[in-house]
Amino acid sequence: MRNNARSLLLLLLLLAAALLVGCGKHTESPTASSTAASGGKQITVCLLPKKKGLAYFTSCADGAQQAAKELGDVNLIYDGPTDGAPEKAASLIETWTLKGADAICVSPNDPSVLAPAMKAARAKGAHVLTWDADGQPDSRDYFVNQATSEQIGGALVDAMAKDLGGAQPTGKVAIVTATLTAANQNEWIAMMKERLKKYPQMQLVAIKPCNEDQSVAFQVTQDLMKAYPDLKGVFGISSVSFPGAAEAVKQAGKTGQVLVTGLSTPNAMKAYVQDGTVKSVILWNTQDLGYLTVYAAEALATGKLKPGATTFKAGRLGEKKIQGDNILLGNILVFTKDNIGKYDF
Amino acid sequence: MKLPRGLPGRQELVLLGLLIGLLLLAGRLAPDFLTARAQIELSTHVWELALLALPMTLIILTAGIDLSVGSTMALCAVVFGLTFHAGWPVALDAALALAVGAAAGALNGVFVAFVRVHPLIVTLATLAAYRGIAEGISLGVPYSGFPPSFAFLGQGSVGGIPVPGLLFLVALAAVAVIVKFTPLGLTLSAIGYNETASRFSGLAVTRIKLWLYTGSGLTAGVAALLFAARRNTAKADIGTGMELDVITAVVLGGTSIFGGRGTLLGTVLGVLLIHETREFVSWEWSRDELNLIVTGSLLLVSVLADSLLSPKKR
Amino acid sequence: MTTLRDLLTRQREYGVLALLLLTLAVVGAINPAFLKIGNLRDMLVQDAPVVIVACGMTLVVVLGEIDISVGSQMALLATVLGLLTSPSHAHWPVATAVAAALGLGTLLGLINGLLVTFGRMPSIIVTLGMLTVLRGVSLALLNGQDITDLPVGLRVFGIGTFLGLPISLCTALVVVGLTVALARETPLGRRIYAAGSNPEAARLAGLPTPRLKLFAFTLTGFLTAVATIVHQTQFSVIQAGVGQGFELLVVTAVVVGGTSISGGRGTILGSFLSALMLGMVGSMLIFLRLGVSATYWERAIQGAFILVAVLADHLARQRRPRREAAP
Amino acid sequence: MTSTTPFVQISGLSKAYGGVPALTDVSLTIEAGDVHALMGENGAGKSTLIKCLSGVLSPSAGEVRVDGSILAPGDLRAAERAGIAALHQESTAFPHLDAVDNIFVGRELRRPGGLLDRPRMKRETQALLDRLGERIDLNRPLEELPLAQRQMVGLARALSQRSRLLIMDEPTASLSTRETEILFRIIRQLQSEGVAILYISHRLEEVFALASRVTVLRDGRLVETRPLAEITRDGLVRLMVGRELLAEEQSEDYAAQGEAILEVRHLTRAGQYHNISLDVRAGEIVGLAGLIGAGRSEVATAIFGIEPPDTGTVAIQGQVLPPGSVPAAIARGVALVPEDRQKQGLVLPLSVGSNLLLAVMKSLTTRGFRSPRKEQETVARLMQGLSVKAAGPAIAANTLSGGNQQKLSLGKWLATKPRVLILDEPTRGVDVGAKAEVYRLIRRLAREGMATLLISSDLPEILALSDRILVMRQGQIAGELARQDATEEKILALALPSGPQEALI
């Protein structure tokens, strides 16, 4: 026992020595890194998706990468939790802050969980933007706004109403969401409920989570169609639940009878749009979103974009309007049979 | 034969070696990572895991397991948030959350200790049930807006050390003292190695197990409060997957999943190694998927090394 | 003398079957749509992957081991299968890609088995490590992309039918049949049960326990590949996050089906029936049309269901006298 | 020696576990058609020898030849092919499997195509069991069968191998007389068919009734191999124990006994024991005799609080104990040295010192904290008092010999200063020297006023130590014998079941 304790002590000393070595290195290194930085005046921009690995965010990141390449002075970091856990996202923001990131662009999976970390980052001098979804207003400088929750929720319901047809679209509808606790989805659902009041004949009968699993989305949709034989429409409001729901409708042979609409990248939904299972897919140009976000971040970090500005120039996107602290991307896209072939992301 | 068999220490040395290796690598690649400021800041990511690892070590030491800790955290957080939003005083909410955590743990304990269902099965079921209750009573809604006095618990620091860190150190010291200097440590080992003989020796196996699982639930309550204070949010999805992280850290620390063998020092090293690895991989390579590969491999390699180094069983 | 009560408690299959039928009857009475052939078929199709993998898992658990990496195995296999067949990636012939996936699944199971037997590591740790590593590998391979162009030849496995029955359902039934036969009617199967029942006696009887374990893990890996092939091809897109939590479904099905976590006891039929029963709980709540807020209690109900099932069985088992008593 | 090659020849066989020799340089020959008895105290190396012989263990040195050719060491299948089958002493049953599977697993009968030939296996099982005169439900898992039936299934498994050398390790341990007779008939029949049998038993009368030659082992070494015709019963015992019979070491008469310390009233647990009442007075040693499975250990564990009884009470000095609480029993001064020291008595991976402290450490604390000084003193005192042979208190208990482990198992209770000591098979697997020490210890404790309940299947031991003997049969107390008029025959007469339905618990 005693012997063991002694060897542990020895190793602890070793550890301390190692730490000293590390710190020793540390004293020399700033010069090395600062020379590299001063050469090109590199700006570190960190891009945080809600959940890394989703094709939607990957295509945003592609656009971001384009922007970084065009700008030349941007060192882009794209990372996020692969399980979409908000606390891990918050941890990443803290890590980036510590590393001295110039701008942190956050797609908040859960605004309230991320807010403290975002505020702390701002307090430590980093510029914080939200993109894709907004956070708490005091937790960020700008929101790169492709669409507000209100607009998204409205667009979803409107699209369904249009697809169902008629002046008073009628029928039972259900929502297949990501998880019961997904903050964004919950906000959209709230907005959708709001908008549904406009269509009194459309009745929301169920909200089901798919737990970010396509096969659960599939099964839930199947069950919903059987439990509510007169179901007319299903909203798939995540890029996982949408194709799962569409596939269920298609395999049940209810193409045309049960309409599916939702949010997804066009590539994943092309087949369903072409065969008529899905009439409209709601989204925006994801690559442009990433692109605009990085341009905004760079402009903010270099001082090109100052508070109070009403427009700013974003590369190939040209002049972009700023409304208060919202940088507007443009319109929500509705992909239909006619235009979906033109998009590849 | 220099090292007597079963001696805790070999695994700890392996871990220490790995940790030193990692830190040396970090020192070469990212010196900023090793500064005291960075380390203290980053440490805020680990306190809940570290806290939960303490009761988990003791439970695994008795050849048990608690898969429900993550879900218990969620349940406690939601109870806290819900009561806070109902306008009850914060202290009362926190006390209630802790009580719910202890009760959830005690329910596990009753099934494990009295009914004698395998802990893996009990906590597998409550893993689903507790999170389900959290979702049910909160309807998935996040609660926030807690007062600064409460936030201090998660965000404040005393003498440069974050409050959760202090809390952990106090808990660690308390558990270490109890394990080392009271009969409990030997008792837990004895139960883990041979529960029957422990019963025949008059050790209060049933009572101890009940307390252990209750303690685990209570700690999950504390972790939930720390989380709520640090992120200013209480929600039904917090702590998802936490149980696997905690178990990974404890097992990495050399505690035998079959019970009997294990040390707190090992667990601390295991937690530290997992934490430093994760943070460094995030820091340096910014690839979360790489993190999964590295931590999983770390577990496999270190336990494999331990198993191959240990004397062959008959 | 076998009484009904004896039957229900001794053979867990019957208990699970009774519960299954009861649930069907109750839900069917409330909403007859639940009992339509189409719905029963769909439920079976959805349960197919759990059923298929549970067949292998039962043998693993009977041997006193566990495999919690099957969800991540499924993720990796689906990713590889997608990448290999997709015209915009490797574009292999479907047959070759399917063979490769089966081979990879077998290999993954073999690695688990080797680490457990020759690496002398506890299986829960081996597969916990693999759960993490394989998830990371599949994410890295997928690199944030969806695979959206699965060839029709591959999707046939998921949406095609054979003699009017969905292929996945047929496969599940065949796998159940074969593994039941394996467990009951072959020397290998009986040896697996023997080795799980009493390891020391198995040693004295000269049973090659490590090889039996190797077999069970490898079989589970192979069956995970089978499940992936017939299940994930149901969908037009392969995305990150496939198979998340799948291991819990399978382990729960096996345990609720009466397999003892400490080995020796358990039947594939029991796992099969309990997989069906647990799969039904989710659908059941939709068919009961409990409304929107009931959704939030779904997980709690599932958890309670498991707890009650396990507890009831445990108590029934305890109350039964262990041996015949002298007067 | 004969000029022809012997059937089985064992030469220079040695086996050590982690440096501790269990078997040293043993050589012997077994002829076809011979019943060869293997005797020796527990721990003498018999089990190790038969495990080496049947290929379960690989010997450290030496070889086994069958028909002159060397048997591959540690290869169970090779031993089987050479015609060696073993009925091991430990529970070799697969509790979850039925009788058919238990008999055939590992050597299954197959149909063409490799599937099990169930009908044939079932038929053969039935035939084997018929031959053993046993009626067993073939569809029940073995765990649901009575102990004796399980034993018979094990025997059937050994017989099914149609071996040329059948090794039987204590086959009669839990058999009734009727079953034992059947077994004997079968052994003689096998013998006449030319099968050699290596028969291990403690029961001298069985050995004299069956065997033609006997080999005696002591402390892992061969003492002698001799035809049984040339040896007397006492001579054989002398060979085994190495000196005069311990039973002769009768102690002096006891002083007048004190008040009743332990009072057990109407203890009943369904299926295990029924209406047990007994008293043990201070300074008294009460023997509790009976067959294995008669319910003695169950009564002991009930008194100690491990498994609560359905009804009935246990009182210590007039105060009733709460049922099912071991700590309460210990607090009132009850100690139980359980029958299985490896599973119940000791926590083997822990150190000697820790094991000695387990039961007592709570009372050695000061304000809840352990006191290393007190603990060290206690451990040192106990180790010295028990003369435990160990390198030190820090060494793991599983490195000790059986006798020293037993001393630990007993010694850990002495520190609790019990008033009631329940000993369940206190000398099982203990070597001769240690056995005498244990006897002396028990007597000394009794003289100091300990109330002792002694459970033993070793009748000479019961007779040598007890002041009074209670005999259990099928879960009930069948009778009581005073020390003066107790004999082995009288005990057995009470212990053996009489009716036709002989199922033991």
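The letters A, B, C and D name the chains in turn, as written, and every chain counts its residues from 1.
We adopt the following convention: a residue touches a chain if its C-beta (ideal position, glycine included) is under 8 Å from a C-beta of that chain, and two chains touch if they have at least 3 such contacts.
As the structure is a prediction and not an experimental result, all values here were calculated from the model.
Taking each chain's centre as the mean of its CA atoms, D is the chain most distant from chain A.
Across B-C and B-D, it is B-C that has more C-beta pairs touching.
Chain A and chain D have centres, each the mean of its CA atoms, that are 70 Å apart. One inter-chain figure worth recording: chain B and chain C are separated by 29 Å, centre to centre, where each centre is the mean of the chain's CA atoms. Per-chain CA centroids place chain B at a distance of 44 Å from chain D. Centroid to centroid, with C-alpha atoms defining each point, chain A and chain C lie 34 Å apart. Residue positions of chain C touching 2 or more other chains: 135-136, 139, 296.
Residue numbers of chain D whose C-beta contacts span two or more other chains: 394.
The multi-chain contact residues of chain A, meaning those touching 2 or more other chains, are 52-53, 82-83, 180. Chain pairs that touch one another: A-B, A-C, B-C, B-D, C-D. The touching residues of chain C, counted against chain A in their complex, run 31, 33-34, 36, 38-39, 42, 46, 49, 135-136, 139, 142-146, 148, 159, 231-232, 234-237, 239-242, 244-245, 282-283, 286-287, 289, 291-292, 295-296.
On the chain C side of its complex with chain D, the touching residues are 181, 184-187, 190-191, 193-194, 196-198, 200-207, 264-265, 321-327.
Partner chain C is touched in their complex by these residues of chain B: 111, 115-118, 120-122, 124-133, 135-136, 138-140, 244, 247-248, 251, 256-258, 287-297, 299-300, 303-304, 307-308, 313.
Of all residues in chain B, only 7, 9, 12-13, 16-17, 19-20, 23-24, 26-28, 31-32, 34-35, 37-38, 41-42, 44-45, 135, 139-142, 144, 151, 155, 227, 230-233, 235-238, 240-241, 265, 279, 282-283, 286-289, 292 touch chain A in the complex they form. Interface residues of chain B, counted against chain D in their complex, comprise 4-6, 181-183, 186-187, 189-190, 193-194, 196-204, 260-261, 314.
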